[in-house]
Amino acid sequence: MSRSLLTILATVGLLGLAVAVPIGLVLLGALRWGDDVLFFIFAEVLIGAGLLVVTMRDIIRCGLAMIVCFGALAGIYVVAGAPLVAAAQVLVYIGAISVLILFAIMLTETKDAPTRLVFQTQSIGAAMAAVVLAVIVALAVGVTDWPAVGERIHTATDTLAEVLFNEYVLPFEIVSVLLLAAVIGGVFLAKREEGSGP
Amino acid sequence: MSDSLDAYLVLAGLLFAIGTFGFLARRNAISMLMSIELMLNAVNLAIVAFGSFIPSLSADGSVIAIMVMAVAAAEATVGLSIVIAIFRNRKTPLVDEYDAMRQ
Amino acid sequence: MNAEARAIAPIVAAVFVAAAVLVVDLIRPGRRDATLITALGGLGIVGILVLAAGREEVAAFGGAYTVDALTTFLDILFVAIVALTIAFAPDYLEPRDLPLAEFAAVLIFAITGAMLLAASTDLLLLFLGLELMVLPGYMLAGFHKTDGYSTEGAIKYFLLGSVSSAIFLFGLAFVWGLTGSTRVADVGAALGTAVAGGTLSPGLAMGLAFMTTGVAFKIAAVPFHYWTPDAYQGSPTPVTGYLSVGPKIGAFALILRLFVEALGSLQEFWLPVIVVLAAVTMTLGNLVALTQNNVKRMLAYSSIAHTGYMLVGLAAAASGQLNGLEGLLYYGAAYSFMNLGAFAVVAALQRRTGVTSNLETFAGLGRREPWLGVLMFLFLLSLTGIPPTAGFWAKAYVITAAVQAGGPVAILAVVMVLNAAAAAFYYLRVAVYMYMRDPETEAPPLRHSRLLWGGLAATAVLTMLLWPFPGPFLDLLRQAASAIA
Amino acid sequence: MIESILRGIPILSIVTFLPLVGAIVVAILPRESARPVALATSLATWVASLLLLIGFRAPDASSDFLFRETADWIPLFGIQYKLGVDGLSIALVVLTTTLMWISILASFRPIQERIKEYMVSFLILEVGMVGCFVALDTFLFYIFFEIVLVPMYLIIGIWGGANRIYATLKFVLYTLVGSLLMLVAILATAFAFQAMNGGNWAGAFDFERLRGAGFDPGFQLFAFLAFFLAFAIKVPMFPFHTWLPDAHVEAPTAGSVILAGILLKLGGYGFIRFALPLYPDAAHTFAPAIIVLSLIAIIYGAIVALVQPDLKKLVAYSSVSHMGFVTLGVFLFNEQGMQGAILQMVNHGLITGALFLLVGVIYERTHDRTIAKMGGVATLMPLYAAVFGFFAFASAGLPGLSGFVGEFLVLVGSFLESPLVAATAALVMILGAAYLLWMFQRVAFGEPSEFLRNLGGHLSDMTPVEILTLAPLAALVVAFGILPGLLLHVIEGSVDSTLQSVAAGEPVALGPIVPAAALGVIGVVLAARFVAVIAEERSGRSRLAVEPGDAA
Amino acid sequence: MDVSAQTALVNAATTILAAGEEGGAVGTGGLVGLLIPVILFLPLVGFVITAAVGRRLDREAHLIPVGVVVLSWALAMVVAFGALTGGLGAGHEVKLFEWIPAGDFTVTAGLFVDNLTACLLIVVTTIGMLVHVYSIGYMAHDPGYPRFFAYLNLFMFSMLLLVLADNWLVVFVAWELVGLCSYLLIGFWHQRRSAALAAKKAFIVNRVGDVGFALGIMAIFASTGTLDIRESIAALLAAGEATLIPIWIIVLLIFAGAVGKSAQFPLHVWLPDAMEGPTPVSALIHAATMVNAGVYLVARASPIFAEAPGVLVVVAAIGIFTAILAASIAMTQTDIKRVLAYSTLSQLGYMFAALGVGAFTAAIFHLMTHGFFKGLLFLGSGSVIHAVHDEQDMRRMGGLASKIPHTYRTMLIGSLAIAGIPPLAGFFSKDEILGEAFKLGFPWVWAIGIVVAILTAFYMFRLIGLTFWGPSRVDPEVDDRIHESPPVMTIPLWLLAIPSIGLGLALGLPLGDSTIHHWLAGVFAPAVEALHHAEAEYQLFGIDGALIGASVAVAALGVAAAWWLYGVAIGPLRRQPRPELVRSLSARVPFLYRASLNKWWFDELNDLLFIRIGGRVAAALWWFDREIVDGTVNAIGALTRGSGRRLSRVQTGRVQNYALGIALGLIAMAASYLLLAGGPG
C-alpha cells in the first residue's frame, strides 16, 4: 500500500521536476520560451521514458513506456520542423510497431518470466559501454564543425511528396518490396504448424 | 537550444546509448527488440535533425526518416515472428537461455 | 526500353520471379517441379537481363543506381549463388517438410537486395539494399521453425544483425550529414575536399567507425563475428551455404561501393583499420576453427577466416593496387562456389533427417559415397588453397596484390599464408574422417536428386576451372575492378 | 635423328601428363584393371623419360635447357606454361619415373584395399613430381610442388600404419607452412622483377629471366629465407626433419620409397634450381649457417639412427643424415660439392628406396618392423639377406657402389672449403657403418629369433616380383658406382650454370640480426616447450593432431 | 743360374712383356699391359660366376674360383718376374677407364706395377692360391661352400686391386672392398653371434682409420689437384713447404688408414676378434695379405713420409708399441688362433717400426716372409682345429705331434721361422729390421724389438708345446678320431713351408747387399735419400754381426724358456711340460698376468667408451629429437589448438555477451578512428 503510494509520489515529484527545470532555466535565461521549452520537455520525456523502457521490470509497462517515448520523439520532430515525419512516427511506431510488440508480449508472456532476473549479469558492463558510447557521440558531435548549417528549415509537405515520388521513387519501391518480403517471411515463421504446439 | 543541431544529435546519441544499454542488459527477447527500436529511433532523430539544419538535405531528411521507419517496421515484423517461432520451441522469451550452440 | 528501365530490369524481374514462385505455389501447392522450374527459369531470365543490362554503363535514377562492370560481375555471381542454393535445397527441405516455394521466394528477395547493393551508388539505396538482403536472411536462418537450433540461430542472427544495422545507419547518417548528399559520387567529392588537410573531423571519424562496425558485422569480421557460428550451425544447411556466401559477398559489394567508391578519399584512415581487422579476423577464425567438431560450425569459422583473406585484397586495393580489388572479387567468386559446394555436400548427407553435421557423419564417406567424398575433398582442397583449384588461384591473386602493396599489407600476406597452413589442418581433418576412418555405424548410401548432382557438378567444375585464364571471366573481373578504382 | 624427332613433339608434356591420363583411365575402369593399367602407364612414362636421356645433347651446350615448351598461360602476370630440362632435371625425372614403376609394382601385393584410389594417387603424385623437375616457370613449379602434397597425404593417411593420421597431417602441415611462404616469395620476386622492368609482368615468373635479374640484396634475404624454409622442410634439414620419421614409419612401403626417393629430392632440386640462382647474395650470406645445419644433420641423424628400434625409423634418420650431404654439397658453391650433392640425391633415391622396399618385404611377411624381434634372417631368407646387405653397404657408402662417389665428392668439395667441415662430415663414414651394420647384424645374423621361427612357413624368401623391383635398383647402384661418369656427364652443364649464376653473389652483412634471430629461435623453442609441458600436465599427452578421440 | 743366362732371360722377358720399353721409364701397353688387368679381373670373374651359379655347382663350386686364382697366380708370377728382373723398367702402367669425371676432380682408374707391387703380387697370389686349395679340404662339409669361395675370389680381386691401383682413390676403393670381404668372411658363420659381432667390429674399427685415409686423400687432392699416386707424390715433393695442407698432416692422415687396416694400436682391437672367421680366412686375410695393406700403403707413400720425419717417429713408436703390447698378450692366450692373431699384430708392429725408422726394404722383406710363415701357421692351426673337431682351446690339446705329423712338422717350421732362428725366413727379415733400427739411430726401437723377439719365440713355442707336445688333454671322445688332414690341406702346408724356410736365404743374402735390396732400392730411393741416412758399410764382423748375434741369442732364449715351461719333444730334445711352474710364475706377477690375459682391457675400454657412453649420447640425442625438436613442433601445434580452444570460449552462446563484444569493438573502433583522425600514421 505504502509502496504504491511512494511510487506515485515519486512519479509526481519527477514530473514536477521535469516541468520545473525548464521553467527555471527559462527564468535564468538559458532557454527561450516556445520551441526551446517544448524541445527540452520532449527531450526529458524521451530520455526518461527511454530509461524506463530499458529498466522496468514489467515488460508490459516497458512497452507502454516505449509508446510514451515514441510520442515524445514525434513532438521533437514537430519542433525540428518535420511534421510529416512526426505524423509518420505516430502512425508507424505508435500505431503499428508498438501494438505489434504489445501483442508479441502477450503471446510470449509466461508466468515465471517477470519474477526472474530482468537484467543480465553483465548489466554493469553494459551500462559502462553505453555511457562511453554516449560520451563518444556527444564529444564527437560537440567538437565537429557541421558544414553548411543554417536555420532550422520547415519542410513543406508538398515538396516532400514531390521529392518522394520523383527523386526517391526507387527507394520507395524497394521499401515496399522489403515490406512484402518481411510480411511473407513473417507470416511463414509465425504461422503455427499443423498439429504442433499451442 | 532547439536551434542547435548539436542538441539534437546529442539527444540522438543519448537515445542510442540507452537503446544499447537495453540491448546489452535485458534478457527478454522483446525487451531487446524494443531496445533496437529505440536505437533506430535515435538514428531517425539524427537524420531528421540533419534534414532540418542542412539546407541541401532539407527534403531528403524527412523522406529518409520515413523510409527508415518502414524498414524498422519490417524488421519488427520479422523479429517478432522469429521470437514467436522460438518461443514455441523453447517456451521462454529469455534470450540468454538460448545457448544450445556455443564455442 | 529506355536505358533506365533496362538497368533496373534485373531487379524488377527478380522481384517478379519471387512473386511468381509464390503464385505458382498457390495455384499448385507443394508441386516441387513447378516451383523449381519457375524459380530456376526465372533466375535464368534474370541472368540474361543482367547480361543485357551490363552491355553498357548506365547511371540511372539521377545517379542513384549504376550499372557497370562491377554490377554485372556481382549480379551474375548472386544469381549463380541463388540458383545453386535452390538446386541444393530440395533434398534437404523435403525430408523435413519444409516448403520449397517460400524458401525460394524469400531467397530471391534476399538476392534482390544483394543485386541492389551491387548497383547502388546512393547511401540510402545501399542501406535499403542491405536490409533487403539481410532481412530475408534472418527468416531463412529460422526457416526450420520447429527446430530449436534453427530458431536459436535465427534470433541471434536477427538481434545482432538489427543492432548492427542500426549502428551502420547511425554512422551513415553522420556521413550523410557531413557531406550533405546521399549520392556516392557527391559524397566522394565532398570528402575529398573535407580531408584535404590530412585530418578527419571527429564526427566523420565517428561515423566512419559506426559504418565500419556495421559492415564488419555483415562480413563477419572479428570482433563482430559472434553471430556467424551460431547462425550458420543452426540454419538449415542449404541456408547456411547461402548465408556463408550471399550476404558476405553482398556486404563486400557494399564495402566496394561505400568504402572504395564513396570513402575512397579516406583510404589512409580506414586502411590501418582494415589491416588490423584482416589479421585478427583470419587468425581468430582459423584458430577457433581448429577446435570444431561440427563441420557446419567449422565451416562457419572458416568463413570468418576467408573474410580475413578477402580483407587482405581490400587492404591491397586501399594501398593503391588495382590487383587487390581483382583479387577480392576473384576470391569472392571462388569462395562462393567452393563453400557452396562444401555445404551442399553436408546438406546432401543430411538428406536423412536426424543426421548431424558432426565430423563423425563423414566417417567412411569416401567408401560409402565415393563421389560425394571426392567432391567434398575437392572443395576442401580448394578451401585450403591447394593448386590447381580456384581457391588457390584466388589466394595467389590476393597475395600478389598484397605483396605488391608492400609495407604492412605485405606482412598481411605472410600472416595469410601462415593462416592458410594452419587452416589446412581442419580442412584435412574432414578428409581424414572421409577416407581414413571407418564409421561406427554403417549407414546405407543415400539417393540424391539429379538437381543436387547437377549443382554439385557445376560448383565442382567452377572450383576446378575458375583459373585466371584470359577469357570472359578475367575480362569481366578486370573491368569490374577498374569500374570503381 | 632421335633428337629431331623429339624436338617435334611435346615430349616433356607427355612425360608429365601421361600419368594423369593413366590416372583417369584407372579411375574409369573397374578395379581389376587398376594394377595393370597403372603399371603400364608408369612404364610408358618411364620409356618416354628415357627418350629424354637419349635425346640429351653433349654437356657443352647444356647450360641451356632442352626440349623447351613455352606457352602463355596467364599472360596477365606473365605466368607461362614453360617446360624445359637440363641434365639435372633429366636425371631426376628419370629417377622419378624409374622409382615410380618399381613402387607401383611393389604395391601389387601389399595393397589390397581401395586399389583404384591408390593407383590414382600414385599416378597423380608422379605428375606432380615430374612437373616440379621440368617446370621452368616459378609459379608452375609451385603448383606442381603443391600438387605432390595431396596424393602423398592420401597415401600415408589411407594406406598407412596405426598412427597414420598424425603422421600425414604433420607431413602436410609442415610442408604447407614452408611452401606457402615460398609462394609469397615467388610472387614477391615476380613483383620485384616486374618493378625492375617498369611494371611489365612479362617474364616475371620465367626462371631464365629471373636468373640473372640481380635482385636487391635486402629483398633477396627475405625471399631466400622463404625458399629456404620450404626446401629445408622438404629435404629435410635439421631441425625441420621430425615429420620425416613419422611419415616414413606410417607410410606404406611404396609411399616411403617415393617419399625418400623423390620427394626429398624436391628440396635439393629446389635449392639448386631456384634458391641459388635467383638469390645468389642471400645464398652466400646464409651458406655458413646452412653448412653448419647440414653438418648437424649429418652427424645427428646418424647418431639418432643408431638407437632406433624400428627399421623404417632407422632408415628415415639415415635419410636425414644422407640428405645433409646434399645440402652441404649444394652450399659449398664449388663444383665437387654440387656434383656430389646431385649424385647423392640420385643415389640416395636408389639406395634408400631399395632399403624401404626391403623393409617392406620383411614387413609383408612378419607385419612387424621392430629390429629387436628380428634375427637370423640370413638363415631363413638368404637371398633377401644378401640383397639387404648389399643395399646396407651401399648406403654406408661402400666404394664401388654408387653411394660412395657422391659422398666423397661432397667431402672433397667441403675439404676444399674447410678441412674441418670435411673432417666432421667424414665422421659419418664411421657412424653410418655403425648403424647400418648394427641393424643388419641384428636383423640378418645370429640364430633365427623366436618371433621369426614362430612365423614358420610364412617366411619365404623373396618372390620374383620383389626381385624384379630390386634388381634394377641394384644394377643402377653398381653401375653408378663404377661409372659415375654416366651421371656426371649429364649433370655437368647444370652444375656449371648454377655455379656460374651463384658465383657473382656476395654475402650481405647481417649485423646484429643473426644473434637476434638465434635468440628468437631459442626463445620460441623454450616457450613452445614450456607450453607443451603445461599442456601435458593438464591433459595427459597432447599432441598436434591427436586428441583422445583421434586415435584411429 | 749364371749371369749370362739371367741377362738373357731378362732380355727375353723385357721383349715379350713390355714391348721394348727403355729401362728407367714407366712403360705402357705391351703384353704386360694385357696381363696386368687379367691378373686383376680373373678373380672378379670367378666371383661373379660363383655368386651367380655357385649354389647349383654345390660341392664342385670350388673349381672355378680355384682355377681362376691359379691362373691369376701364374700370370702374376710372370709379371712379377718381369718386373723384379728389371724388365719393366721403373714400372708399368695400364690405364683402365675414367672413373669419376667430375670437372677438376677427375679420377682415372689405372693399374701400376713396379717392384714393390711385384713383391706384394708374389705374396698375395701365392698365398691366396694355396689358401684356396686348402679351403677345398677345410670347408668341405660347410653348407656355405660356394659362398665361401665366392667371397674368397672377391677378396683376391680386391686385394690385387689394392696393390695394383695407381690412384689413391682406387686404392681407397680396394681398401674398403677388402674390408668388406673381411667383414663377410669373419661373419661367414653368421648364425654365431660372436662371429657377427666380430665382423661388425672389424668393419667399423677399420672405418675409423679409413676416415683418416679418406681425409688424407682429400688433402692430397686439395694440395696437388690430382689423385694419381705418382703424380701427386711428385707434386707434393715439388711443392715442398708450400703445399696447401702441410705434408705432415697428409701423411699422418694416411697413416691413420694404415693403422686401421693393419690393426695397430689403438685400432688393433678388431684383429683378434676376427679369428671368428674360418681359419683359411684368418690365414689369408688376417695374416698374410690384407693386414699388410697398411704397410704397403706407407711404403707406397714413403717419399712423402720421408718429408715428415716427425710422423715417421710416430709410425715407429706405434709400431713397436703394438709389437710389445700384442706380444705380451699372446703370452697367455689359450685360443690357438688368438695367439697367432696377437702374434700377427706383433709382427705387423715390427713392420711399422721398420717403416718408421726408415728401413722400408726391411719392412717389405718382413711383410713377405711373415706372409708365408704366418700363413703357414694359420693354415696349420686350421689343420689342428680340424683334427680335434673344431676345438681351438690349447688347454684341450697336447700330444698331437704324432697324430698329425704333417701339420706338426710344418707348424714347427713356421714357429722356428717366426722365432727368428737362422737360417729360416723370419730370421733374416726380423734381424734386418732390428739391425736397421739400431743403425739408423733408433736404439729404443731396437731395444723393445729385442724384448719382443724373446716374447715371440717364447709364445710360439708355448703354442707348439701346448698343442703338439706333452700329454694329450684332448676330449677322450674326440681323441680316437683325431686324424691328419687330407692332402688337399697338407700339400699347401708344405708348399708354404718351403718359402718359410728358404725365402730368407733367397732374398736376404748376401748380407748387406741382398736381393730384396736390389729389388726395392729403386722404389725407396727417394725416401731414403730424403731421410739422408748415411749408407753405412755392412760389417758382418762388426756392429751388424753383433746385432745378429743378439737377435739369435734372444730368440734362442725365448725358445728355451718356452721349452723349460711347456716341454719339448723334438727328437732327442725331450722335456715334460711344467704347468705348476707356469702357475707359480704367473702368480708372481699377478698384474701383468691379468693384464695380458685380459688383453690390457682394451675391449672393456671400448665397451665403456662406445657402447655405454656412446649409447647414452645417442639415446640422449634421440630424446632431444623427440622432446625438444619434435616437441617444439608439436608444442606449436598444441599451442595453436590450445589458443583456438581458449578463444572459442568467447563464444558463450549468449547474445548479450556477443552484443557486449560488439559494443566494445565499436568503442575500440571509434577510439582508433578518432586517434587516426588526427592524420595518418
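By letter and in written order, the chains are A, B, C, D and E; residue numbering begins at 1 in each of them.
Criterion: a residue touches a chain if its C-beta (ideal position, glycine included) is under 8 Å from a C-beta of that chain, and two chains touch if they have at least 3 such contacts.
Note that the structure is a prediction, hence the values are computed from the model and not measured.
Q: In this assembly, which chains make contact with chain A and also with chain B?
A: C, E
Q: Starting at chain A, find the fewest moves between touching chains needed to arrive at chain D.
A: Counted as steps through touching chains, the separation is 2.
Q: Hey, how far apart are chain A and chain E in touch steps, shortest way?
A: Shortest path length, in steps: 1.
Q: Going by average Cα coordinates, which chain is farthest removed from chain C?
A: Comparing chain centres, E lies farthest from chain C.
Q: Tell me the chain pair with the top count of C-beta pairs in contact.
A: Top-ranked chain pair by contacting C-beta pairs: A-B.
Q: Of the chains shown, whose Cα mean is nearest the mean of all protein Cα atoms?
A: Central chain is D.
Q: As a quick test, compute the distance in whole Å between the mean CA positions of chain A and chain C.
A: One centre to the other, that is 34 Å.
Q: CA centre of chain B versus CA centre of chain E: separation in Å?
A: Centres of chain B and chain E (C-alpha means) sit 98 Å apart.
Q: Please report how many Å separate the Cα centroid of chain C from that of chain D, as a whole number.
A: Roughly 41 Å separates the two chain centres.
Q: Taking each residue of chain B in turn, which ones touch at least two of the other chains?
A: Answer for chain B, listing residues that touch two or more other chains: 16, 19-20, 23-27, 29, 32-33, 49, 54, 56, 60, 67, 71, 74-75, 78, 81-83, 85, 88, 95-96, 98, 100-103.
Q: Which residues of chain D are in contact with two or more other chains?
A: Counting only residues that touch two or more other chains, chain D contributes 173, 545.
Q: Pull out every residue in chain A that's touching 2 or more other chains.
A: 120, 122, 125-126, 129-130, 133, 136-137, 140-141, 146-148, 167-168, 171, 175, 178, 181-182, 185-186, 188-189, 196 - these are the residues of chain A that touch more than one other chain.
Q: For this structure, give each pair of chains that are touching.
A: A-B, A-C, A-E, B-C, B-E, C-D, C-E, D-E
Q: Chain E touches which residues of chain A in the complex?
A: 120, 122, 125-126, 129-130, 132-133, 136, 140
Q: Please name which positions on chain B make contact with chain C in the complex.
A: My answer: residues 16, 19-20, 23, 29, 32-33, 36, 39-40, 42-43, 46-47, 49-50, 54, 56-57, 60, 64, 67-68, 71, 74-75, 78-79, 81-83, 85-86, 88-90, 95, 98, 100-103.
Q: Quick check: in the complex, which residue numbers of chain E touch chain A?
A: Counting only chain E, the residues touching chain A are 656-657, 660, 663-664, 666-667, 670-671, 674.
Q: Can you list the chain E residues touching chain B in their complex?
A: My answer: residues 648-649, 651-656, 659-660, 663.
Q: Within their complex, state which residues of chain C touch chain A.
A: So the residues of chain C touching chain A come out as 8, 15, 18, 22, 61-62, 64-65, 99, 102, 105-106, 109-110, 112-113, 116, 122, 124-125, 128-129, 131-132, 135-136, 138-139, 142, 145-146, 177-178, 180, 194, 201-206.
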